[in-house]
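Next come two complexes built around chain A: one with chain B, the other with chain C.
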Partner chain A sequence: MALFHDKNTPMIDRYHWWEVIAIYAGIFVFLFFLLAPFIEGFLVSLKPLAELFSTPYSFWPENGSFAAYSTMWERVPGFAWYVFNSFLISTAATVIVLLLVVPAAYAFARFDFRGMGLVLGGFLAVSMFSGAVLLIPLFRLMRSLGMLNTYWAMIVPGAAFLIPSAVWLLRTYMMRIPSELNEAAWTDGASQFYIFRRVVLPIASPGIVVVAMVTFIGAYSQQFIFALTFNSKTEYMPLPIGLYAFFGKQDVVWNELMAAAFVGIAPAMIIIFFLQRYLVGGLTAGALK
Partner chain B sequence: MTSSRSAWIFAWALLAPAILYVLVIVAWPLVETFRLSFTDASLRKVTNYVGTANYEKIFNETFFGVILRTFTWTFFSVALKMIIGTFGAVLLNAAVPGRYLFRILTMPPWIVPMAIGIFMWGWMYNGQFGMISGLLQRFGLTDGPVAFLAYGETAYWATIVTDVWIGVPMVTIYFLAAIQSIPKDLYEAAWADGASRWTRFRRITLPLMLPAMITMSMLSLIATFNSFDIIWILTQGGPSGSTTTMIIDTYHTAIGSKKYGEGAARAVVICIFLSLFCLAYFRVTRRLQTIGGKE
Partner chain C sequence: MGQLSLKNVVKTFGQFEVVKGVNLDVTEGEFIVFVGPSGCGKSTLLRMIAGLEHTTAGDIVIDGKRVNDLAPVKRGIAMVFQSYALYPHMSVFENIAFPLRVERAPEAVIREKVTAAAKILHLEQRLQQKPGQLSGGQRQRVAIGRAIVRAPEIFLFDEPLSNLDAALRADMRIELTRLHKQLGATMIYVTHDQVEAMTMADRIVVLNAGYIAQVGAPLDLYHKPQNTFVAGFIGNPRMNFLPVTCTGITDAGAVIDWQGKAVTIPVHAMASAPGQTFTLGIRPEHLTLAGGEMQLGVTPSVVEHLGQQTIAWASLNGTAETSFCVALPGDQAIKADQSVTLGFSAADCHLFDAAGEALERRLLPGTSNG
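Right after this comes the complex of A and B.
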């Protein structure tokens, strides 16, 4: 029995009906594991607090409403600020990373002078250490630079740990640009900088977009520890720390916390949804060289 | 053109800003951690060198327990990521309708800010009202509510499951790409010879994705060893230290108790382990490349 197949489906890709069922069952289990927290989180955001704190457990909301999505703004009036802060911190970190990484990746891709292999290895080794390990000197560094309790304390260290993967990804991309282009421009009398600026950068721009996105996602996702340790000012708090505002003296306001979580990730999700085609291609290209 | 002196200057000029940044934000703190580990640095203005006193102080039974726990925690997490990632990649590679949608649906745990996913797990683990305990009771698998984060054993596994959940999407997508780069004619030849789907998986897919598996498990090992957010948000290392890994332990000492010197000594021990992993990683990937080159 050939399911979902027409005459063009290669024989090797044809499944028995029980194989199709097994595949879909497997995919269902796999995706359920990955998506259950979001499904549950969304349903929690719809439940009134009284229903949430009642036993026995009910999966589906009985009298669900979107009330939490409006009351959350009253309980934590600064919430929009937290989302804005998250965006600001991630964007600034991404800009710093790009300014440093685009020239560096080009150098790694195009030139091979003595010592550069060592430097590349050094960059990759950076990704082995997390901010958590280096927290003590970083804390003292931020303090002596006067950056504690400012946006910079969350931007500057975060950017450093995003550099290695960005270098690797963009170097891989730039290595695919034929070097004949460089040589042709060079014989035409163009300067090194002109070649970089006018020949290579325009061709590499799709790769730069991917690197920017991956870096932004990383920055948006990983700002927790620096925000927890280096900043105590409410007005600079990013989203992950801001969510603690829903932790009351007695109880956590879970339905509003979940609503806030979905509001907080929505802007980033919308951007990613529109650009996901580039993203998947870029991530796998970087991974496999 | 690359041999000229101006090209040399240009190349290093391009690299200089990135090198400088990493030196200041990563390399210098690394050296500084090492220096501080021999001092009694704290919030006080005066800092004295105390020799190896910090190391003598930390190397006791509790610390060895923390090291051992870090290794078992990391091991279980990485192993589960590899197994589930392989399972997912093979399924998502199957030529069934909807596979492109399924691939996108794999990504959210990876892309959503870590802290948010962890908060959601925090609710799921809630004993009285959470989903997991609720469903277990509904199906009669447990007698009463299970507060996963309140007991050492369950908290240990709960933090591992959340770590696996965050790590699986990346592993899956990476393995999927590895599977897709295997030449199709290998499968066709085996198929023509009458090899079953299982045989093709075992004799073609598995051996050919082994390099990707080794690379990924090493990268995953390093990332998992550094894991902080998950344990911090869910348990802060508790209850009674049952989820305290080396990173959490260092954080408690350094930031919680403000014992910078002692915290630095603990961080140095982490750095030594990480450097070993890092060396192993470089050796293994080089080895894999030379094997690949011979083919």
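Right after this comes the complex of A and C.
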């Protein structure tokens, strides 16, 4: 009667066959809804341009090929450079966010100081604004600081908008580090900075990796609006602007655009895959009890 | 070195006074145990000595120097935490070496001291492991090792055994007593477990609601508790308390009326005693099935047969509460809901006045150590 388990499966984890089918059906519907645009996008990148406008529209590519993945580099010659810019901007933003957020989150997690709730609430409020609402004041700020048409024009606002959520995320993680560790190190003569460096940072590293990943993805995906507004130099343009170049004067080269989109997110995927290896759980095992 | 004085030490958290004026002198090499119920201020007191909590008023003096405003590391203390507080990302070696790394000791010195500590604590085979791979007892020993390498004058232990199971706790008690003998350092140990207090302490400090209820050697507290709190707290099962009336005093002690019979309890009674209502205290283990000058009939509602002991719980006033306890040696043939007559002798009794203060007992030579 029961499927997908053996004698050693705990009773609480056992399901009837119809429950298993229902669970997988649910997962399929959810995932399909989520991934359908990506599936379609990938299939579009495989089709010749002419097929995209044929009626009736065929979902599955006939005589599909990866040709678009090579012709895209010729149509937009600077594309690799745009991807590099995106990568550079996101990496710089992530580094800045981490440098600021790690000590800040520690302070918010461990110390109790006047105005803490206000500042944390302020962070939450700020992160409710989207960057688009603040474009004009930001533009004036960037101009006053002389940052227009530099990499900084995209890095600084990008980092600024990612800091609040990163602080909240890492603070929660750091609050779970037992304060007895601080006290023990303190009684042994360690300074606050020594404790932070030698005790807190290593234990918080999985949390820091999560924050780095979230920040990198965030920075990678939010560049469009800042790049469009604060930068007019082609050599500093990031990936979204590069994708925009596939919008021709008369028509959009959809198959190459889709191919470029997939190529463009590859570096981010690689970074995430790399960072994920450091996401080891249970680092605090053995600290207490 | 390793001498500690607390002078009128007070700690308040906001409006709430946790420690209400504690005076205590600890001599070098003593093993002092702070014991008391939850919330009595014992851990707070220890954390003040350690320098983790600010002292609201009063002085903490270590080796003649007032240390109130000194950082923990300058006080010559080392603390072992209830939760062990090991650094999970470091090996056992690095955990023990941590205080030495902080003070930038040379590598050779670190190696030597850590090895020596590991030897004392039987951790030589574990030095390269992480705390997560160790058992509870081993983790506790690592935490103690971290204290040992600093060679402090005073060790502070905050309920170090409360996370261990009963068998391991008994082993660690013996280990700690052995360690105290070996190191000869002053140790201050906080626990709520009176067995730990009785077995390890040179002197016990019983704390109640922020005050010191009594300070004394373990058997002093057992034989001569100064008040009903200590009398009830030290000893397991706890002492029975019965109201009695004093009818007179003689050279031998206070005469009380016991169910129409005049019995003399050997205590130093004050002249105003006759006519007062006192509380008579009798320990469960001092009750017998026969003999004694005083008798008491009870009907136990619960009887526990432990083999080495038979414990019966009864109600004296006919209510459902089982406040009266009898502990008889060996396996006794008492049954629940069958009445028994218990006897006890006046020499085993304690008398407390209306304020709960004890009338000092006149102990005969040989009945106790003092």
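Here, the second predicted complex is superposed on the first by the 245 of 289 C-alpha atoms of A that agree within 3 Å, B and C clash if a C-alpha of one lies under 4 Å from a C-alpha of the other, contacts with A are read in each partner's own complex, and residues count from 1 in each chain.
Criterion: a contact is a pair of C-beta atoms (placed from the backbone, for glycine too) under 8 Å apart; a residue touches a chain by one contact, two chains touch by 3 or more.
Because the structure is a prediction, the values reported are computed rather than measured.
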What is the contact status of A:118 with respect to chain B (first) and chain C (second): first, second, both, or neither?
neither
Contacts for A:203 in the overlay, against chain B (first) and chain C (second): which applies, first, second, both or neither?
second
Touching A:181 in the superposition: chain B (first), chain C (second), both, neither?
second
For A:138, select first, second, both or neither according to whether it touches chain B, chain C, the two together, or no partner.
first
Which holds for A:192: it touches chain B only (first), chain C only (second), both, or neither?
first
Is A:156 touching anything from chain B or chain C once the two structures are fitted on A? First, second, both or neither.
first
What is the contact status of A:53 with respect to chain B (first) and chain C (second): first, second, both, or neither?
first
First (chain B), second (chain C), both or neither touched by A:38:
first
Of the two partners chain B and chain C, indicate the one touching more residues belonging to chain A.
B
Give me the intersection of chain A's contacts with chain B and its contacts with chain C, in residue numbers.
183, 186, 283-284, 287-288
Note: in the complex, chain C contacts chain A through residues 50-52, 71-73, 77-79, 81, 83-89, 98-99, 102-103, 130-134, 136, 139, 146, 150, 163
In the complex formed with chain A, which residues of chain B make contact?
1-2, 6-8, 10-12, 14-15, 17-19, 21-22, 24-26, 28-30, 32-33, 36, 41, 84, 87-88, 91-92, 94-97, 102-109, 111-117, 119-121, 123-124, 128-131, 133-135, 137-138, 145, 165, 168-169, 173-174, 176-178, 181, 187-188, 191, 197, 212, 222, 226, 228-229, 232-233, 247, 250-251, 254-255, 260, 263-264, 267, 270-271, 274-275, 277-278, 281-282
Residue numbers of chain A touching chain C in their complex, please.
178, 180-181, 183-190, 194, 198-199, 202-203, 282-289
In their shared complex, chain B is touched by residues of chain A numbered 4, 9, 11-13, 15, 19-20, 23-24, 26-27, 30-31, 33-38, 40-41, 44, 52-59, 86, 96, 99-101, 103-104, 106-108, 110-113, 116, 119, 121-123, 125-130, 132-141, 156-157, 159-161, 163, 167, 182-183, 186, 192-193, 196, 217, 220-225, 228-229, 239-241, 243, 254, 257-258, 261, 264-265, 268-269, 272, 276, 280, 283-284, 287-288
